[in-house]
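Each of the next two complexes has chain A plus one more chain, namely chain B in the first and chain C in the second.
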Partner chain A sequence: MNTLTALNLVLHIVFGLLGVMAIYSALVVLMKERPSVGFLRFLSVSGLLFMLLAWITGGYYYTTYYGSAVKPIIKAGQFSWAHTLIMEAKEHTFLLLPFLVAVLMLGVLLVNSSLLNDPRVRRPLAALAGVAFTIGAIIALAGVVISGAVR
Partner chain B sequence: MTHKNVHTVYAFALSASVTVLFIAVLTIWADLYAPLKDWLKTMFTHHWIGKSVLSAALFLILGGMIGLMVSKPDENKIATALWILVGASIVSTLAIWIFYLIEAL
Partner chain C sequence: MALLIKFAHIIGTALGVGGATLGEIFYLKSERDGKVDPHENEALRTIFYMLRVGMVILILSGFGYLILLRLEGHTAPLLGARVWAKLTIILILLFGVVAWHARKVPMWIGSAVSLASWYAALVIGAWRGLNSSYLTIMLYYLGAIVVFAIILQIIRWSLKVKA
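Now for the complex of A and B:
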């Protein structure tokens, strides 16, 4: 692995984790009866930004390095399911995240403060943040499994 | 809330619901039907890039179209659209993981 690819992989992990942290923080704020709107807007914009950066860096690593250098090693080893199940599911469920976080951001940015205090709007937004966080956390754990399988 | 803002949130929540279901269908279909995966590779250099580009295009185009067609959705409709997105996301995630679990067995 050359330096650029290694840096790209590190950035993918960092951006992904920061994105998941931002979404989790947004979930916690949305669970309050009177959420801090300014902080919520900052978190939702950050969450989308980090997810988009994780998408680009992860996509570059996956399409230029993983398939030719990592996948054959995992598939030839005793943990081949780490690719056939974990990586395949990870790379495709990740595709859902940017859209979920984009809608979360639109909902937080475009509704006014009083509506964010309205449970009719706040609860589904919190549920959306909860689903996005759960998917993000599963993807992060999947990355740990894949890294372990290649060693 | 202005009608324009209502339109945008409602339209893109519905658009995202269709998009996440589209991702699951395209993923499973391309894995079962090799010519589709080959077409994605040919058109976009990699099947994953193809899925990324097509899903982003669907999200933006469909969201824009729904925004133009829908008139004055209220807060209840927005809430319904967001709940639909939550449900669609859970269904898509489970479909993808269960599919690859079956494939791996």
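Now for the complex of A and C:
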């Protein structure tokens, strides 16, 4: 792995983690009775931004390195399911995540500030953030499994 | 870089364990007189902020460790029991916070899970030669939750008796 590819992998992981953390923080803020609207907006925008950056760096890593250098090693090893099951699921689920986060961000940005205090608005947004966080956490754990299978 | 990640991981764990312990002490003290005065409230807010910072540092540095292992080609620990037990415990801690905010878990369970999780993360991280299975580690963790719940309940009872 050359330096650029290694940097790309590191950035993919760091952006993904920051995105998941931002969505988790948004979820916790949304569960408060009086959420800080400014902070919530910052979290939802940065969540989407980090998810998109993780998407781009992950896509670049997959097409330029993973497919040709990592996948054959995993498939030939004792943990071939890490690619055929985990990676296949990860790459397809990951396509959905930025759209979920974009919906959350639009919901937070477009809704009137005072409406965010209304549980009928806040709870569905919190549920959406909860689903996005759960998927994001599973994707992060899937990445650990796939990395562990490279041997 | 490895040293920086190690220091960050230690700092994150120390902030988390210290924050969870101090938070519980302040909460129990405020429970003794039945109200949270402004000074105690301010202290609790600071402690919870410290906890959140600790958690962020712990997660980022923890994944930093995993990235280093991957880049250096030492990938076996990534599928090991220690790493997965710690990841599971951190996830339980994170979902516990959400459940507590949603008022789906009572305070006494939330406190026990928080304390047991932070101390478990400390012990698993520090115990380099730990060679137990994932199931064994998780069973000890569940046992630790029960022990913390009992200890906290005893402290609450004794505080009420004294008050």
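Assume the second predicted complex is superposed on the first by the 151 of 151 C-alpha atoms of A that agree within 3 Å, B and C clash if a C-alpha of one lies under 4 Å from a C-alpha of the other, contacts with A are read in each partner's own complex, and residues count from 1 in each chain.
One rule holds in what follows: contacts are C-beta pairs under 8 Å (C-beta built on N, C-alpha and C of every residue); 3 or more make two chains touch, one makes a residue touch a chain.
Everything numeric in this text was worked out from a predicted model, so none of it was measured.
Look at chain A after the overlay: chain B and chain C fit there side by side. In the superposition on chain A, contact is made by A:S147 with chain C only, not with chain B.
When the shared chain is aligned, no partner comes close enough to touch A:V70: not chain B, not chain C.
Of the two partner chains placed by the overlay, only chain B lies in contact with A:W81; chain C stays clear of it.
In the superposition on chain A, A:L96 makes contact with chain B only, while chain C stays out of contact range. For chain A, the partner touching the most residues, choosing from chain B and chain C, is B.
Once the two complexes are overlaid on the shared chain, A:L116 sits clear of chain B and of chain C alike.
In the superposition on chain A, contact is made by A:A137 with chain C only, not with chain B. Judged by the touch definition given at the top, the superposed model places A:A22 against neither chain B nor chain C.
When both complexes are overlaid on chain A, the residue A:L9 reaches chain C alone and has no touch with chain B.
If you stand at the C-alpha centre of chain A, chain B and chain C are 140 degrees apart, rounded to the nearest 10.
The superposed three-chain arrangement places the nearest Cα atoms of chain B and chain C 17 Å from each other. Under the contact criterion defined above, no residue of chain A touches both chain B in one complex and chain C in the other. Here chain A touches chain B in the complex through residues 55, 59, 62-63, 81, 84-85, 88-89, 91-93, 95-96, 98-100, 102-103, 106-107, 110-112, 115, 118, 120-121, 123-125, 127-128, 131-132, 135, going by the rule given at the top.
Against chain A, the residues of chain C that register as touching in their complex are 56, 59-60, 63, 66-67, 69-71, 75-79, 83, 87, 91, 94, 97-98, 101-102. Note for the complex: chain A touches chain C at residues 1, 6, 9-10, 13-14, 17, 21, 24, 27-28, 31-32, 79, 130, 137, 140-141, 144-145, 147-151. Only residues 1, 5, 8-9, 12-13, 16, 19-20, 23-24, 27, 45-46, 48-49, 51-52, 55-56, 59, 75-76, 78-79, 82-83, 85-86, 89-90, 92-93, 96-97, 100-101, 103-104 of chain B touch chain A when the two sit together in their complex.
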